[in-house]
Amino acid sequence: MRVVGAAFVIGLAYAASAQAQSWTPPTDAQRCPSKWGAADQRGAGNHMKPETVLRATRLIRTGEVFELGRVLKADMPFSVGRRFEMETKRTNMNAGSNRRGSNEEIVFTELGQVGAQFDGFTHQTIDDSLYNCVKVGDVATRTGFTKLGVEHVGSLITRGVLIDVAALKGVPMLGDTYAITAADLQQALQRQKLSLQPGDAAIIHTGWGRLWDTDTTRYLKTNPGLTTGAAEWLAKQDPMLIGTDNGPVGVTPDPDPNLSNPVHQIALVVNGIHLLENLKLDDLAGKQVYEFALIVQPLKIQGGTGSTVAPTAVR
Amino acid sequence: MRVVGAAFVIGLAYAASAQAQSWTPPTDAQRCPSKWGAADQRGAGNHMKPETVLRATRLIRTGEVFELGRVLKADMPFSVGRRFEMETKRTNMNAGSNRRGSNEEIVFTELGQVGAQFDGFTHQTIDDSLYNCVKVGDVATRTGFTKLGVEHVGSLITRGVLIDVAALKGVPMLGDTYAITAADLQQALQRQKLSLQPGDAAIIHTGWGRLWDTDTTRYLKTNPGLTTGAAEWLAKQDPMLIGTDNGPVGVTPDPDPNLSNPVHQIALVVNGIHLLENLKLDDLAGKQVYEFALIVQPLKIQGGTGSTVAPTAVR
Amino acid sequence: MRVVGAAFVIGLAYAASAQAQSWTPPTDAQRCPSKWGAADQRGAGNHMKPETVLRATRLIRTGEVFELGRVLKADMPFSVGRRFEMETKRTNMNAGSNRRGSNEEIVFTELGQVGAQFDGFTHQTIDDSLYNCVKVGDVATRTGFTKLGVEHVGSLITRGVLIDVAALKGVPMLGDTYAITAADLQQALQRQKLSLQPGDAAIIHTGWGRLWDTDTTRYLKTNPGLTTGAAEWLAKQDPMLIGTDNGPVGVTPDPDPNLSNPVHQIALVVNGIHLLENLKLDDLAGKQVYEFALIVQPLKIQGGTGSTVAPTAVR
Amino acid sequence: MRVVGAAFVIGLAYAASAQAQSWTPPTDAQRCPSKWGAADQRGAGNHMKPETVLRATRLIRTGEVFELGRVLKADMPFSVGRRFEMETKRTNMNAGSNRRGSNEEIVFTELGQVGAQFDGFTHQTIDDSLYNCVKVGDVATRTGFTKLGVEHVGSLITRGVLIDVAALKGVPMLGDTYAITAADLQQALQRQKLSLQPGDAAIIHTGWGRLWDTDTTRYLKTNPGLTTGAAEWLAKQDPMLIGTDNGPVGVTPDPDPNLSNPVHQIALVVNGIHLLENLKLDDLAGKQVYEFALIVQPLKIQGGTGSTVAPTAVR
């Protein structure tokens, strides 16, 4: 009886999950104004308040710092059409009686969207409409956006929670197209005896990051990641940001082949929640550091869509 | 009598000042190996330890965050030969049944050396010799340095001390070529009832930063800043880094016209102390926030000379 | 009476002018397929045949070469959003026993659209439709166009005819918004005792080019140039290309304030006729060289919209 | 007797050739002033005169044009450290009542030294000394050279002579490290019943160009090319330029492993003779077009070391 019942429940869950995969973006009327107000440009960045900072820094007990960023170089993994090209320039050559030489570098890159990267709200649209229904046509210029640019975000310091789905499944790395469900997230948190609070940084460990420096082709081809259902459940927990150790955050390809990275839209466009991608999470997961102060300082690129960053977890 | 005496004192001060101005870089034999060891590549970054972090975060009592970074844009002030050029790219155009659009930006910039910027040890040389006497010819490639690159630094969290020289002098902004002496620094600290400890971030407020967005020509032409004597005194206090609200850190032009920004050499080459430049310090100074946790996350540019950054002070 | 008569004449002129000014782009059905065939990608480039070359080179009698190109540099005049940024790179430093050093330059520029420039057919659209009604959406990629790219054009050698409208009007330079009519072109040719033949390069001298190195602001603000009527008359003469000594070819602003550079559309989109812009024509005009071999070698930028060039006239 | 004599002669030639491989660059005193005068900046470009043009254009009898250039794209063969990166930009979007759209491209490239390329005199040095003993330190800036820049060269039109060494050897392509000697060049000319005249463009066909689009790795790894002896013999014929269908012109690696591309120095630094590299010569060789008008229009890059070009041969 119990076995049959369990199978029945699983069957129901499966059907629900399959249903969840066919996602339709909300209309402008359904999603706007955002819960932060019609004129709001900060979205979940509104969680960034002195008490949020204190809640995070109170978690710092040993002073141990974990680097979550990636080394920026020409041969790191890129989404199609992006690059990081750099040339070293020698400028001053033994100038003055003090024989001073100077070096710098010229770089050509999609600065907002390479390496460990932070996504702002101008990065994604539904039908040419951004977060809070700002229209691309109204704010896009050749050199950035006049609203919602990443320069308005500011540094973020908040409680970070690592949700280790790979550990939940007992593997170092989830499968190539493993679709993380809301239930996976809930069970992983339960296993870690932690819960999410509004304003947290929810950091999902899939293990995929171990391919970053070892197998670029596989890293980019597919990836385990969130289903639309998992993303919508996360959004309901009201986090400041969602981070993970792959590029798209969502499972790729999406189970519904007609969908193009819907998780990006759910987070950035529908809910105004920032994303952190391509994080290096192996140290945190290895040492089972599940709760920490998450600190990220996006570059203030005027009108930018995001920023490459070098975030840290501190405990 | 008083007039004569005053002239005498001025005469002495002038002689002392003139002496301080004629700075000769130490020879390789005099400065190497560095105090951190012959193979060391971290310099004052070695101060970055768990206890340093705790010393800093213990200063966080209100959760107030001060942004010290600058908005990155084409018309910000640049040292000669640098730029920040950006073009917005629309990439995906309403892809999938979810009508997903995507935007990003292509940027062409001296990424290590624009905006609020963090200097690594490959930035400066004395006679083609870097910190710890690493020879440029041995480590320079077309695309970065094989040693001492900024990717090795990691995020820095330490006690920050604002040394408000402008306030000491009772002005909002020091004069165009005001040469800050060691005595100025000492008196400013005394006035603030603070002292520097090894591993601190020493942040000098000159007030010059108020020209950043208002008078680029004047901002770049000259600037108040440290004398070689002040820089050497600071180096003796053993800080992790020295920051300020102008570009060159040193007074420009140097009182000795034969010297080319010797303060850069004293910090980076001779002593292995990082620099933070073009900081926005008006809020800290205005609210007399003299002691805080300084957090800076340099981008991990492989083989880079530095990184544009968006640092924060938290109290 | 005279006053009334004058008013009457002005009224008529105004009506005629107003008529000429109100240009409506032809519909796809009206302009496609082009006269060169439905699959054609070469447009007036089809005139480039051996006999065209011979017709041009037969005009070479003295061997005198006139440079029509511009020096490429950061401070030349640009249309908004374009630039030419360059950094010299020293690469090999006294390599080998032969002590070989090598220099090169890294350049960041809108390569197809700076300096003296040649326009290909992907440069302009009417309602997202290119020459021969190729749809932008069908051929545009992030890195060029899969059809109609400038790499297909090849070098052009044809008879060039300078049409000196400034000389016709007895001025070194036409007025800031002088609108060149078809009648102006016809009278200038008559004055020069020359006629256009199919396949020619029609080069219009307005004198505006003398501002290139002397008054960038004025050069870019407005310019004398072709009316839509003049452009349509020229197109009927069936030239291989139309060149001139300003950037937009058409008079700027257009007399009809609702029109955005219609002359570009008439030439490139409607008629498949290439454009050559920002030419240096003072030597040709000064020496009254009205007939010559025009040689232009566009760079074969894959999928490009045009090419900066250094064309010549040879007689 | 004849056989023995021939063997003897061959033996001598071989010894001479082996000797020729150990090349020592001439001292400044030996090579300066150049034969064109101490202040000369044009070198063999001085051959460009009206009579040179006429000598070339008189060879145009059929009007047939051969394209010697290469399509510029991200995946063409590059010398190390060079690239061609391009992004298409849509700018105006259906502006005006005429619904005008505009496209352009932003390009990041070593513009002087990619694709079919023309070398100016700032490209190469012997001991930091350029053509005519101009010192790099005296003329190099961050953004180009104040003397000898490629903008001074102008368009070149001269008699071109294809020297088909591959055909002489009865192969479609010379071996991977085949070292072309002066005797090879002489015999190839003899076979073609042609001789070089001062001011000619000497174009060497090795067949290596057939690898351009088919085997980039092999194209770049080594290449057949000129020995120092062949280059010096060519220089004595006093050509305006030397062109070929590989990148380095000289055989790579040079038979003397201590030498770093000495042929570049012999041409550019010692003799002031321009180079044309990576030419597409298969059509010329296939049709045995050995004499033609060679036309090349280097971009006027201010202070540049060279220019990517799209040259043509016309007969």
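Every chain is named by a letter (A, B, C and D) in the order it is written, and numbering of its residues begins at 1.
The rule is short, and it goes like this: a residue touches a chain if its C-beta (ideal position, glycine included) is under 8 Å from a C-beta of that chain, and two chains touch if they have at least 3 such contacts.
Only a predicted model underlies this, so the values are computations on that prediction, with no experimental measurement involved.
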{"item": "From chain D, the most remote chain by mean C-alpha position", "value": "A"}
{"item": "Residue-number overlap at the chain A/chain D interface, same or different (half cut)", "value": "same"}
{"item": "Inter-chain centre distance, chain B versus chain C - centres from mean C-alpha coordinates, in Å", "value": "50"}
{"item": "Separation of mean Cα positions, chain D and chain A [Å, integer]", "value": "50"}
{"item": "Numbers and ranges of chain D residues touching at least 2 other chains", "value": "81, 87, 89-91, 106, 108, 142-143"}
{"item": "Residue numbers on chain B that touch chain D, as the complex places them", "value": "80-81, 87, 89-90, 106, 108, 142-143"}
{"item": "Of all residues in chain B, those that touch chain C in their complex", "value": "81, 83, 85, 87, 89, 91, 108, 137, 142"}
{"item": "Chain D to chain C touching residues, read off their complex", "value": "23-25, 48-54, 57, 60, 62-65, 67, 69-74, 81-82, 86-92, 94-113, 115, 122-128, 136, 140-145, 151, 154-155, 157, 256, 258-262, 264-265, 295-306, 308-312, 314"}
